[in-house]
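Following this line, the structures themselves.
Each of the next two complexes has chain A plus one other chain: chain B in the first, chain C in the second.
Here is the complex of A and B:
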């Protein structure tokens, strides 16, 4: 028999607390009734309603489009930013830049959202054609994702041995080749992690988006929030179920991407050891 | 680098897929090239079918955004940067928006069907002669109760809330104007009172209510009442309509001392870019068939007199939602008290919330 451990019980309780509400919600998405008060029977009516509601579907697709795109842009900027900070010669400047990066990480979403609203309306007063909408939301999502990417990539940079870059230089590589063949491949796990972090941040952001949406562009969180006033429909349960499943697939995908990397390295190490044994 | 490239290409592929998905969906919902009407409304406050029909009939495409409070809507419109052609605020907010020059005066000759509206909902204090707004829905503040826990007909007035039998069984809506107003009404004062002594008296009376108060909550009140967590709740008529649809034991009364009569009206914000579309939408909503369909879908009371004739009798004869004229005469509309008095109301309400029995 396995040894009894308090820590296992603790973990079980924590996971129950985290997952029970989600499963409760998923369970009721199959209800025949229209409320979560009573389970009256199994039906897929709410899923049908969801797929008939093209406005909601557009919002969902837009939310994901926004998340994928803003994470992509933020990752590009963030990686370059991290490299820029890391290779900065002046120590004080490096520290200041890092601190500024961290300030953005901890500042409340509401503050960021409000400042973006003021900023964008200012831009709007200069350029008449600029309105709150997809572009403003995209820009603010990129902005709050960049510091996260920087933070995910920097440790990888610090892990990297500078001698590799020096060696490449000695062998005549130019800056682009150093970047392409040495730095970026080494940073890949950090970049992927940063991308997924930025993606999730964008996906579940409510506060910032709330301020900068407009002109027909909304995201899931804002839409569900304003529907909540009238009592949430089970259609939202159905949607949440689908999004939950999608996130599950995403996590599994991420697991395989990062695992493949690890197992390759393990295999290489094993091979090396074997060779060492032989000699 | 190869993996990064693969990831990058993969993401671009997903992006393209999503982009075309949105495009095709948008095309299927309407003419993407058509002129757009931007509508800013409360969440779930219109029958979606009506939007489709409006798009079909008028040829405009509707961009429909939602807000959850008058204040949020006000900030968005005041800040600019949005181009809403239609917004649907409540009466006190309309007054505030008029004062701050945020809404456009209506060109009456472009409105068709304003005479469908019951005259008693026109020309009200917050917008005299309806220079800026057209009624959309109206409702009251009242008491919802569950006849399993309270005898049917036992509650007719605000004063009944103080009954010792209701100990720890009353839920209040979390609104300063609503609750202080209830106190004032129960004493026979106006709920727009600016008399310091009346306000004091009202709060003293409300303090005596605290043993009965189970909770002061917001929109969750609906769910709690449906689940029979509490016997009595002070809430809005439309919320009560939802409760009654879910739980047949729930009834709604408008207290006889008088209560609040509220309105949500259509206005054209100053930022509007498609005024023709805005008028088209207002006219569309003024048509009796559309107003009736909307009222049936939402559950609030329609101000449209001709629509009433189209609604089922059991709805329009329901005194709870379409009170008699004499009862209506007792009801009062909130006036914008100005920030000073709004502050006093808020402070009194906060003190009340902190008061321990």
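Here is the complex of A and C:
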């Protein structure tokens, strides 16, 4: 125990530093004053201001709606894509698809944002009714969430035994039934994890949204950016407290989902080992 | 059967074409046009001949290098000590949690912490160092960027360390290595794959953190990302912005090549 004391001190410092700014924000959200410099007393005034600020509340709702929808669409495309990649017979094609899949994951946000801006402007020049706004932001969020979903679902597909699909086919299932009754149920944990990730990526995104948002539509990140450029506004602190609590719930939810996945995998490995021992 | 499969994957291929291939092609295409929309190679010429852009690129790479170095120095021991903990899953989760908080909110917090009447200055004043201008300096930009990137470095290193077969370490100890030697000869080389992916995950975004340079760096630090944002959204010189974008994509490829895993060298479990 004594041996690890220094490491524990080090870890404590790192954890403190990681959480300090977040708790700093939360702490000052209860300040009676209007700055983050001096704590003059406890009040919920900034929360009241937040809940009275209908413009900000609409932006928050929009952000969540955007995250919900984009994650949903991205999950559908991503799951189909993962199945497409997995069942691709040609090895080189599989690898090519996988590297294309990862392009958006490794590209800097600015590049994604700028290239989507060119893309949407071009579409806008073809179709007069298309403007930068909710639709362009939604499409970009779907676009950068798809590869995340693919990466969350692929390992599950690799875990699946092909014999199950073969058995279902032998028993007379058509491809739709195989998909609905065998493949999709098996993939569910990966799909849920992918949806979660896509949801949080969308909530978090600033750089891409900033490029494709146009004039009419904003998300929370973009709004915080424009307010932060003007200085401290403790309403933002109140908002960040609520966002932090929400993230906490999401993380806990995600933790239990991934834990369930892991324990299943562990159990399976243990079973395999047992079988190997028996034979 | 193949027909239905093609039907399933159709949306995915549309996505690949519209949002992966087309945007990259468009950014390259755009880089050959000037502000009037005429075809030109001038953007590349301006980039490579004007000292302004080259110095900015070098600066940007230098800052990204510093950020990566600092995060690595902080993260490696953290990841290493984490693997030694009880309930390490839970602790790792606590490391990941701050990454789920919106980036802008974290940057915003530092505006309060570093401002002229902020906490750090109060602290400095206590030691008689007086209030100093902390916000809008290069140092504050480096601190905040490092802060933001730390979890992205810890995670891959932690995973690589976790993958190391403990029997390798015990074997080295049995063969007479002390803990330092075991670390240097066994643990560290085996964790390099994690370090590489961590460097990849930190260096490339560090080249393009434009909101931090605006909020914290006060436009004193201009990274490639800031320049692209400036050209696209402020001066509307898309051609030049796209040219810098192409340079950034190149930088990305170089980093990926340098940090690529060499196949076959990894020890199979």
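Please note the rule applied: the second predicted complex is superposed on the first by the 240 of 279 C-alpha atoms of A that agree within 3 Å, B and C clash if a C-alpha of one lies under 4 Å from a C-alpha of the other, contacts with A are read in each partner's own complex, and residues count from 1 in each chain.
Heads up, the rule we're going with is that contacts are C-beta pairs under 8 Å (C-beta built on N, C-alpha and C of every residue); 3 or more make two chains touch, one makes a residue touch a chain.
Treat the numbers as computed from the prediction; the structure is a model and nothing was measured.
With the two structures aligned on chain A, chain B clashes with chain C.
By the document's definition of touching, of the two partners only chain C reaches A:103; chain B does not.
With both complexes superposed, C is the one of chain B and chain C in contact with more chain A residues.
When the two structures are aligned on the shared chain, A:155 is found in touch with neither chain B nor chain C. In the superposed pair of complexes, A:17 makes contact with chain C only, with no contact to chain B. By the touch criterion stated above, A:84 is placed in contact with chain C alone, chain B being left untouched.
Judged by the touch definition given at the top, the superposed model places A:118 against both chain B and chain C. In the superposed pair of complexes, A:215 makes contact with chain B only, with no contact to chain C. Touch criterion met: A:28 reaches chain C, while chain B stays clear of it.
In the superposed model, A:228 makes contact with both chain B and chain C. Across the options 109-117, 145-153 or 253-261, chain C meets chain B in a clash only at 109-117, per the superposition defined above. Note: residues 35, 37, 117-118, 225, 228-229, 231 of chain A belong to the chain B contact set and to the chain C contact set alike, using the contact criterion stated above. Within the complex formed with chain A, the chain B residues making contact are 1, 3-4, 7-8, 11, 14-15, 18-19, 21-22, 25-26, 28-29, 36, 38, 42-45, 48, 63-68, 76, 79-83, 219, 222-223, 226-227, 242, 246.
Across the complex, chain A meets chain C through its residues 4, 7-8, 10-11, 14-15, 17-19, 21-22, 24-25, 28, 35-38, 76-78, 80-81, 83-84, 87, 97, 100-101, 103-104, 106-119, 122, 139-140, 142-143, 146, 175-176, 179, 200, 203-204, 206-207, 210-211, 220-221, 224-225, 228-229, 231-232, 236, 240, 243-244, 247-248, 250-251, 255, 259. Chain C makes touch with chain A in their complex at residues 1, 4-5, 8-13, 15-16, 18-24, 26-27, 30, 74, 77-78, 81-82, 84-85, 89, 91, 93-98, 100-113, 115, 117-119, 122, 147, 150-151, 200, 204-205, 207-208, 210-211, 214-215, 224-225, 228-229, 232-233, 238, 241-242, 245, 248-249, 252, 256.
Contact residues of chain A toward chain B in the complex are 34-35, 37, 53-55, 57-58, 61-62, 64-65, 68-69, 72, 117-118, 120-121, 124-125, 130-132, 136, 180-181, 184-185, 188, 191-192, 195, 213-216, 218, 223, 225-231, 233, 257, 261.
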